[in-house]
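Below is one structure. I have some questions about it.
Should a chain be cited, it is by its letter among A, B, C, D and E, assigned in written order, with residues numbered from 1 in that chain.
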Amino acid sequence: MRDLFAVAMMFGIYSLLTAALFMDLDAADVAFTEAAVGAGVTTILLLSSLRLTGRWERRPKHSPLLPLLVVGVTGAALVYGTLDMPHLGDPQAPVHQHVAPHYIENAPQEMGIPNIVTAVLASYRGFDTLGETLVIFTAGLSVFLLLGSRAGGRPRPGKTAIGEQPVLRLVVKVLIPFILLFALYVQLHGEYGAGGGFQAGVIFATGMVLYDLVFGEGDARLVVPARWLPRLAAFGILVYGSVGLYALLHGRPFLDYTVLAEDPMVGRHLGILLVELGIGICVFAVVLSIFYALSGRRRQP
Amino acid sequence: MSNVSDLFNYWVVVFLMMAGFYVVIAQGNLIKKLIGLSLFQASVFIFYISLGFVEGGIAPILEEGVSNYANPLPHVLILTAIVVSVATTAVGLALAVRIHEAYGSIEEDDIQTLDLEADDPDEAPSDKPEDSPR
Amino acid sequence: MNLGDHLPLLAIILPLLAAPVCVLIGRAGAAWLIALTSSVLSLAAAAALLQGVVQERTVSYQLGGWAPPWGIELRVDLLGAYVLLIVCAMAAMVMAYARRSVIREVEAALIPAFYAALLLVFAGLAGITVTGDAFNLFVFLEISSLASYALISMGRDRRAVSAAFQYLVMGSIGATFILIGIGFLYLMTGTLNMQDLAQRLPAVSDTRTVRAGFAFLTVGIGLKLALFPLHLWLPNAYAYAPSVVSALLAATATKVAVYALLRFIIDVFGADFSLGDMPLNLLLILLGSLGILVASLVAVYQDNVKRMLAYSSVAQVGYMVLGIGLASAAGVSAAILHLFNHALMKGALFLALGAVAYQMGRVRLKDFAGLGRSMPWTMAAIVVSGLSLIGVPGTAGFISKWYLVLAILEQDLWPLAMLVLVGSILALLYMGRLVEAAYFQHPEKNTVVPREAPLSLLLPLWVLATANLYFGLFTDLNVGIAQQASSQLLEGRP
Amino acid sequence: MLNAAVLAIMVTMALALVRAFMGPTAYDRLLAANLFGTKTVLLIALAGHALDWSGFLDVALLYAMVNFVGTIAVMRFFEYGAGEEEE
Amino acid sequence: MNLLLEGLSAACLLAGSFLCITGGVGLLRLPDFFSRVHAAGVTETLAAPLLLTGLMLQMDWSLDLLKVLLIMLFLLATNPTASHAMAKAALHGGQGPNDEKAEEDKGSIS
């Protein structure tokens, strides 16, 4: 498979199948994220960088013996590790005995929201999610450092991306409001079903990317100029951080949402919503800035 | 020694991991290495999620009259890990683009030969001109 | 809960949230100021935390108000506070030093983002030392390494970008191995909190899954540690990165990885399991000694001084790993001591190289010809920290080597003691080349004679150089804490 | 009855995969990938109802969108790739 | 009443799956790219709504029903456009609709 475009598409299919597998393993949220990210963002980023680095791959010259050996050893260690594992899905496995039951029993009383995953994500292990948002922020920062926002010459307003496609432009014009609305639905729906700040941010960005693809990035940059995006991402993180720090002012430990309102339940609701909003803004800004940096760059041979 | 047939799904995951790991090590093209890397990470996620699967349970979204739910903790870990995997791939792609501009190719062998060609590693004219578009 | 209770959190939240503020403000001068103030404040928090921990052994901080196994807990014991202090101290020094060096090496438009990334590397490393949750450690590790990939690629030489890519690939593989290891442990115990893991592991410690998990974790951390066979990414990464970045990474990154290794091997798995049942102590001793020999030998033949110091870092990591491999209280305390002293030495040396790069633009051995006269202060600092690297009595390096040799002799492993001596001699060799070039060679005719580096570069450099001497002479503070930390770690559980 | 439909979809996906591997021109691969994506949306919808998963319809809707955007992206970047240089 | 519903949904599902398979086979067998676009078009734009209506008939009135309807509308909007855009792009890509010669040499290059 030496045509890297085909490899990128195959990778899209692979991550799609992984998302379907997650669905089957009862992981709705994770399937949602994997589909939005694996098939959507990664494929688009891959394609836009392949545009810059060339589509064809040369046959590697050196012999595959050493890699095979290393892979074999690691694989043997992994299989050795799996021998004592409990079977798939057996309820007696230690995993389901210790920490998890607490989440399932107490989440309704303490949080009052049906989606336990969002409850654990935003409140029980909120610090992990702050770390996760910072990882995304670091990625956006690194791509900004590497490719710079103004790189690749000034945006070419009005240059249509795919030649003359009047039909496509019309349909996309109708679709984009729907996509952005769907993203908003996912953002606010995080507590009741699959969804949340991170997936919503990605869908927002995909909507803008679609606009950029079809109408040429000149127009897209007029709508959301590239200069704002790093600041927007920073703003998203500060929203998250300030919700946490607010608890500090009241003498409660960091990220304790009960201080936000008298009744702790309402406080936690509010906290989770605010936090998800912060993540959504940050992810949207980062994904879009990475796409701009890659697609806006002129091809240097 | 639990009978082996039940562990089948772990071995599928192990095979996927090793496929991804092999691509990262053996392939010369930098972008293919990145794809192999995210393949490797994706299969680790499948492993995590298969930990949390409970026979007959449903997705961890509370509904009346249902008591048996899948374990939510691995899902939370994986949501974070997917983000990490995407972030690494994005930075890797940006690096690959910069390497292509600096070296003219993203094949690992070419990069090594170009580096060795420069006789005095630091004297090499290859020092990026100051005005390269950042 | 007054301010004192929030210390573990403040030490890492300040730089974490200062990074987005730097990007938001977007002006270079302000970004540097924010970076400096936040690292100095977290240094103060770390110092206060160390006082607190010295009295009451461990400080625990529950995030979001949830009890440990369910919520995430920041748990700081003596070792954690000690490593946090050195990380914050080195970060404060590097930030104070950075202003002029960054202006010269980084394009103006990118400087605010550069400082934000520096803060994120520092915050990620500080987070690793503070967190008590295994998965949280993975997240912080990922933050610091992701930020360091971009920073390394900012170097002026085009090889910086390919070095950053190699580091990204090997770093991500290491991180994924750690993730697999944590997954195996979680599978068998059902928890992620390190203390909880420590209690629940002995029951399942003879199963193959835990052993495989242990192996993956050790290899993953070994990759991050640049342990001998897995160190290939380090020389290029440190050599071609901007001088400020290589200073910060050399002084802190590998040290925090050693801390993580200690935390997992002794705290989570228990010393008798990891160093007794599993053949890890032999492995560590073997790899450590190999690392010392091979890396020092290669360092002698390097032309680029930064690469030389990078190889010497790999050798010094070999010493620490050797200490851990001895599996004795003395050995572990020697490793902790060396962790502290090595941060001082490498920090000073890389800052000095930054000063030379600031004046000369490049740091090859030829550029050092005649520097003894033209940049006296910088060269004097290099000599002082070089002596500390070799382990001359009266410097911090000597103390850690002394305690390491004592620990070795305790188990009368004569060959190892000889090995440490040979390592010091090799260090004498490659530092000698540098000093000889600086003081006894004359610069080529046509090169311009550089002036001395500006004061803002020299001050932090000299603070670190004198710290090398201070900790060489007054050893009670340093050695006391190291021995207490290692005994607390080891007697934590039999 | 649902299972029969799910089976039919799976067969079509397999055929699409064969075309994706074999397809001489890159356009064939693109076509096959697009078809594969649409079929997966249907698969998730039908299988979700049959095995009564929860929250599967959001995933199906999202995937229809992502598949469309992916196809447009490939066409956009493919045109650049083919147009400018043939290595 | 629900017998009628059952029968109708069974019929829809059957027709949908039949079209699906014919489209798939068509995708493999047809020689030229543009005829394959037609085959793919059949499955995407006809079989999909049939299958989804079959599904909708089986579901009771709920939010899910609305979502399936939404998916159907979305598919109806995007698939024809995608096929149209692909055909147009292929045309631009220099691959004439039914000139066999162009098919062979074009095949070798890309």
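Everything that follows uses one rule, which is that a contact is a pair of C-beta atoms (placed from the backbone, for glycine too) under 8 Å apart; a residue touches a chain by one contact, two chains touch by 3 or more.
Model, not experiment: these values are computed from the prediction.
Asks: What is the shortest path, in steps, from chain C to chain E when you may only step between chains that touch?
Replies: Contact-graph shortest path, chain C to chain E, evaluates to 2.
Asks: Moving only to chains each one touches, count the minimum steps from chain A until you reach chain C.
Replies: Minimum step count, chain A to chain C: 1.
Asks: Specify the chain with the shortest distance from its C-alpha centroid to the centroid of every protein C-alpha atom present.
Replies: B
Asks: Applying the document's contact definition, name the chain pair with more C-beta pairs in contact, A-D or B-D.
Replies: Of A-D and B-D, more C-beta pairs in contact link A-D.
Asks: What is the distance, in whole Å, between the centres of chain D and chain E, each centre taken as the mean of its C-alpha atoms?
Replies: 11
Asks: I'd like to verify one number: the distance from the centre of chain B to the centre of chain C, where each centre is the average of its C-alpha atoms, in whole angstrom.
Replies: Here chain B and chain C have centroids separated by 26 Å.
Asks: Rounded to the nearest whole Å, what is the centre-to-centre distance of chain A and chain E, using the mean of the C-alpha atoms as each centre?
Replies: The answer is 29 Å.
Asks: If you average the CA atoms of chain B and of chain E, how far apart do the two points sit, in angstrom?
Replies: A distance of 33 Å separates the two centres.
Asks: Can you pull out the residues of chain D that are in contact with at least two other chains?
Replies: 26, 30, 53-55, 58, 61, 65, 68, 72, 75, 78-79, in rising order.
Asks: Got the chain B residues that touch at least 2 other chains?
Replies: Those would be 21, 51, 58-59, 61, 63, 73-74, 77, 80, 84, 87-88, 91, 95-96, 98, 134.
Asks: Can you list the residues of chain C that touch 2 or more other chains?
Replies: If we look for residues of chain C contacting two or more partner chains, we find 109-110, 135, 139, 142, 146, 149-150, 153, 180, 186-187, 192.
Asks: Touching pairs of chains, all of them, please.
Replies: Per the contact definition above, the touching pairs are A-B, A-C, A-D, A-E, B-C, B-D, D-E.
Asks: Along chain D, where are the residues that touch chain A in the complex?
Replies: Touch residues, chain D against chain A: 17, 20, 26, 29-30, 33, 36-37, 40, 43-44, 47-48, 51, 53-56, 58-59, 61-63, 65-70, 72-81, 84-85, 87.
Asks: Can you list the residues on chain A that touch chain D in the complex?
Replies: It is residues 3, 5-6, 8-10, 12-13, 16-17, 19-20, 23-24, 26, 28-29, 31-32, 35-36, 39-40, 43-44, 47-48, 50-51, 54-56, 161-163, 168, 172, 175, 179, 182, 186, 189, 193-195, 199, 203, 206, 209-210, 213-214, 299, 301 of chain A that touch chain D.
Asks: Which residues of chain B touch chain C in their complex?
Replies: For this pair, the touching residues of chain B are 21, 24, 30, 33, 37, 40-41, 44, 47-48, 51, 73-74, 77, 80-81, 84, 87-88, 91-92, 95-96, 98-99, 102-103, 111, 115, 120-122, 126-128, 134.
Asks: Which residues, counting only chain C, touch chain B once they are in their complex?
Replies: 107, 109-110, 135, 139, 142, 146, 149-150, 153, 156-159, 161-162, 164-165, 168-169, 172-173, 175-176, 179-180, 183, 186-187, 192, 303-304, 362, 364
Asks: For the complex, give me every residue of chain B touching chain D.
Replies: 58-59, 61, 63
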